[in-house]
Amino acid sequence: MRVILESKVRAKPNLPIEAEAIIPRNFLKGTDLVVYEGNKERTLSELFWIFVEGTAVAPENIEVILKGDTSRIKRVGEYMDTGSIVIEGDIGMHCGNFMSGGTIEIRGNADSWLGREMRGGTILCRGNAGHYCATGYRGEKKGMQGGKVEVSGNTGDFCAEYLAGGTVHIHGSAGDFPGVEMRGGELIIEGDATRPCGNMKSGTCVILGTVHDMLPTFEKIERRVLPAWKITADVYRGDVANRGKGTLCVRC
Amino acid sequence: MKFVLNTGRTVPQGTSVEHKGSDTYRTVASAGFLNPIDMMLLGIEDGDRIRLTTPAGHIVLTSRPAEGVVRGEVFVAIGPYANHIISSETHGTGMPDFKSQSVDVEPTGEPVKSVGELMEAIGGLRF
Amino acid sequence: MTELWVKNACVIDPIRGINGEIMDIAIRDGRIVESVSDRADVIDAQRCLTLPGGIDSHTHVSGTKVNFGRYMSPEDMRAGRTKRKGKMHVTSGYYVPTTFGNSYRYSAMGYTTLLEGAMAPLEARHTHEEFTATPHQDMMANTLFDGNWAVMDAVREKDVRKTAAVVAWTLKAARGYGIKLTNPGGTEAWGWGEDLTGIHDMVPHFAVTPAEIITTMIRANELLKLPHSVHLHCNNLGKPGNYQTTLETFELVPDLNAARQTLYATHVQFHAYGGGTWKNICSKAEEITRSVNSKPQIVMDMGQIMFGRTMTMTADGPMEFNLHCLHNNKWSNHDVELETGSGIIPVTYSKKSAVNCIMWAIGLELALLTKNPYQCLLETDNPNGAPFVKYPEVIGLLMSKRYRDEECATLAAGVEQRTSLCALEREMDWHDIAVMTRAGQAKALGIGSQGKGHLGVGAEADIAIYPIRTDSVDPAREYRKVVEGFQKTRYTIKRGRVVSRDGEIIVDGANATFWVDAKVPEDLKMENDPEFIKRFEQFYTVRMSNYPVQDVYLPRGRRIETEVFT
Amino acid sequence: MIEHDVVCPFCGCLCDDLEIETEGGRIVKVQNGCALAESTFMNDVRLPAPIRRTETGWEDISYQEAIKETAEILQGADRPLLYGWSSTHGEAQSVGVHIAELIGAVIDNTSTVCHGPSILAIQEVGHPGCTLGQVKNRADVIIYWGCNPVEAHPRHMSRYTTYATGFFVPDAQRERTVIVVDTRRTDTAGIADEFVQIEHGGDYAVLSALRAIVRGKASVIPAKVAGVSKEQLIRIAEICKTAKFGAIFFGLGLTMSRGKYKNIRNAIELTDELNRYTKFVISPLRGHGNVYGSNEVFTWMTGYPFAVDFARGIAFYNPGETTAVDILRRGECDAALIVASDPGANFPRAAAAHLAKIPTIVIDPHVNATTALSRIHIPCTAAGIDAAGTAYRMDGVPIRLKKVIDRGYPDDAEILKKIYDHLNGGKGP
């Protein structure tokens, strides 16, 4: 089954919409869902043209497609556990929060907190992602714990903060402090990064581009070939400011 | 020349902060403090006007020499002049780059605007 | 004039010796009266369990440290969020809820009076501000004296009268209720990053020992005729082997007051550990309760822990730092000049941890081994041992051996070998629970005369009606019904008004704050003591004139005056 | 008439030993205060009456009219922003929170552009701190990091640190070592025993290096970190470890520079590490007089210290998303109520500009930059001058601000209550 949601033109297009109801499973019972625009409650049909093609008996067979201006829509795919969502344009914040299964594809850019506290499933963002891509919530000790986030473009700052499990793969560059407070999982940055892995405790980060402002508290262990990436890298252990035992590999 | 814009509180700014329409406030909030060597390189003297440009906009300030300011930095009291050119990007933290905005600095003959004029430039109206 | 008539109530009112009688309660203008007119509103209690409003004699719900616990915990605020609804304000938080969250949830459980366990006098204004935002319970604040410089000076001079004078001045300034000692002397040592290891260690620079502070304060407390006794958080909290410190402390306590205990020892579970390390920690609840059973002058509360995530917060700064070094999670500390300290860290009590399981068992052992329920009150040192919303589960555990056994079966090894819990057959009855959750508290806090903790004529009409039929529920078997029943009252009545119904708050609250104005002879008034004033102005960072809490902070303050001593 | 022990409401020090002389309802003399205090009390020019912007200029309106129109604007908004709060008392702040929960607004205070990052850091690692008297009576090592108390908190050093006589530090100047860390050689740096000049944006690296050195991992540290020599770092670490009681104070140099809250987090974790050797505390130097009070009030009422979004009825918090600058930059809000602050002057251009595009109401005693961006400006009392109320000092000590004169203005808490009543169909909070 395909559910196509095309955003309607709004009187106040800058108002954020919160749409955690947009997950495949919810469309099993129809399209009578509630979303929020600013401080007002709306029905899905007030904000979207809704087209449903085919039927489904199981949520894994449901594909949700978002079209139009979706850059202000937050929390799409929150707690999603199966099925798929395709966003043809840009998507707002918190896409794929707490996701545990299924796939989300974003053809445009994603705003901040993409895949926050994700546990499983896959997110593919073909454009750039904002700040705090694949991270956690304020005050919480664990960020993303499982699954995979792949970004074809760049990310903003604090990418994979508190990463505790799963894989984050950035094909472009990451901003300031990628992998800060990391305690597990794997972070791959094919482009450049500034001050990677500050205060990391555990986990692995591989950077194929240039590192700016490498922190002084990483202990160089060895230089070795990383066959998976076909590169030679300097391997650091850190962050020694924090008794950390993380691994940071930087192409040399 | 490329500089980093740094902002902070000062006593003169603080004592006139509730009188933003006053000349005193205009004087203290629109002073751009530079290292004397940078001023020499820019070919300006104490009191000459400088134009600071960033992607957010531009502003004219009165230059002042300050030994304590490091080379490559321009210090401006926290307030509407500095804010006229600071980006509102917060890096997801809520806090703009009040101390690390990169700016172009050049000498200018243009006048320093009043706070009221700055507010009118962004759609306001002086009382 | 407002009147209410509660009929068909199955009343347990231990202070008046009523145990499960079906009776009617007449209420006029907030107080219990002999009878009401036929225009009174009527509530049919339908023979449900009806108790005086619950009283928590040791909880942390208001003030600097509690609010800092909230401030540093956005992750907890995600739990337990409710919207504004009717008379209810928004609430957030599970183990450190907002003030309204605390107030509504306590009210839903039938609690109408709370004692904030720790208030630093310098920050008292903050506590009182939060009291007014905790509208459904009458409040009172234990006032911290454990590291008070003027007190330690007077103790060193062995001057009980002077000690009493400092206490009286400070209680009045802080609008406090009673004397709290938290790790006496230890919080001053913590000002240097040190702690004391026992009650006979010297406090650095002050040349007094915890034992001297405790005994002098007990005498000063009784000299002042304060309604409550000294309220003590013993030294060495949370350390394996600390039961000896606790027992030594209990031995110091004379029996000086016929109406109530002479010492209130709080959260004793945390002070009843044998062994010498975390590896060989074991229960010494039997030793502790043997001592308490022979000393009517001591009342304790359980300090029960329950499994799950919570926040520890106490004036005991050094203890919190030690705990932080074990957990390596976030740590806050806030020492208060010339007075006390405090620390906060989040913890998770896990069934997989043998230490946590033993702690859990010790709290229950203390209650079950204490013969007189008036001597061991039910609480969790909220939120240190668990958030107070777990009280119904604690009640269930005390009333049902089967529930305890089922829980024990899910725990890490150790409980059976290192505690006696599994061997304890005792199952508490409804009356015991009524004592441990209201009557005992009223007596221990000395607020029976203020009309709290009983339903006699003249008492404040604070009443909790639970959806429990004691004639049909067997708590030993149907403990889940007990737990559920105590979670939400059918009606909570506060000063004659129904404030909460089936868990929902239906009116704006209008609580009162009790505080003690202890009188001293003219020559002992600290506000006239030049040396006291000089020291104050020199070493505090606020002026003495700006220190006392103004009356505006207690919009419904209830002053309790004591008789002047000679 | 001379009023003693008056509290200055200007900065987070809340000095409470001022003497204010009044004559015929005017303040004529301020004693014991700093220059900031003096100007706060002496040069108090107010907006005389409520004003409303018209097509061409401004017109006077009545309080009643101003309050009614404010309520209507807020009532009709889909995403109202209530911002400011730090220069008024807790009583007004608490009404503000009630309005926010009632109408589903975002409410934020000035810590968002001040010590918001410090709060984010504290939420990650906690805050080992103390009241200022602990520092005064005990500290033998004082570190000012990224702050300039000489300019921003002029009496901090004489009341609480460098020059303050303490019980265990009777000869303060001789017995206290003062370390200043900054990118600029400020006036504060001038009085330091040790000045550490850091390259722009290098604070995080220097803090990490210090933590590693304190832990005995100096071997990993390169010869220079962000312009600071390894020798100096080792010396600083040694001074800290051998202190009897050390205190770090930090300011906007850490919160506003690159990395933001990660800088503070690192400083807190350094403090934490040092506590394994001796006693160490850390505290932010809070700016506005009652900014800490706004954090306290917001926290006990909503659970969060700032940036609280009630759009969904429940309280939601996520700085970067629910913070005022971000909401304005993204053009989200469609009405704004600004109380006791001046975002027109203090927010970056794009954020301030949005205020002019939407109906903005200002409640503030003074005409400020935001006035020009507003639709309505309602003047009120100034807390601590002509209104009493509660303020929280930078270390959390609550102090009652005094009313020293009466100038006939309504209290902002009263104005806000009336707005609330309008919004709530005549029923108060």
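The chains carry the letters A, B, C and D, assigned in the order they are written, with residues numbered from 1 in each.
Rule of thumb we're sticking to: a residue touches a chain if its C-beta (ideal position, glycine included) is under 8 Å from a C-beta of that chain, and two chains touch if they have at least 3 such contacts.
If you're wondering where the values come from, they're calculated on a predicted model, not measured in any experiment.
By count of C-beta pairs in contact, C-D exceeds the other of the chain pairs C-D and A-D. Averaged C-alpha coordinates give centres for chain C and chain D that are 34 Å from one another. Chain A and chain D, compared by their mean Cα positions, are separated by 34 Å. The distance from the centre of chain B to the centre of chain D, each centre being the mean of the chain's C-alpha atoms, comes to 22 Å. Note on chain placement: the centre of chain A and the centre of chain C lie 46 Å apart, centres being C-alpha means.
For chain A, the set of residues that touch two or more other chains comprises 112-113, 131-132, 137-139, 176. Residues of chain B in contact with at least two other chains: 91-92. Multi-chain contact residues of chain C (touching two or more other chains) are listed as 72-76, 330. Of all possible chain pairs, those that touch are A-B, A-C, A-D, B-D, C-D.
Residues of chain B that touch chain A in their complex: 91-92. Note for the complex: chain C touches chain D at residues 62, 64, 67-68, 70-77, 81-84, 89-90, 92-93, 97-101, 122-123, 125-126, 129-130, 133, 190-193, 205, 321, 324-325, 330-338, 344-345, 538-543, 545-546, 550.
Touching chain A in their complex are the following residues of chain D: 77-80, 103-105, 120, 123-124, 201, 204-205, 207-209, 211-212, 215, 217, 220-222, 225, 258-259, 262, 265-266, 269, 310-312, 317-321, 330-332, 334. Contact residues of chain D toward chain B in the complex are 10-11, 34-36, 38-40, 43-45, 47, 51, 53, 57-58, 112-113, 116-117, 120, 148, 150-152, 154, 183-187, 189, 197, 200-201, 252-253, 255-258, 260-261, 287, 307, 319-321, 323-326, 328-329, 342, 344-353, 356-357, 366-369, 371-373, 377.
Residue ranges of chain A in contact with chain B, taken from their complex: 112-113, 130-132, 156-158, 175-176.
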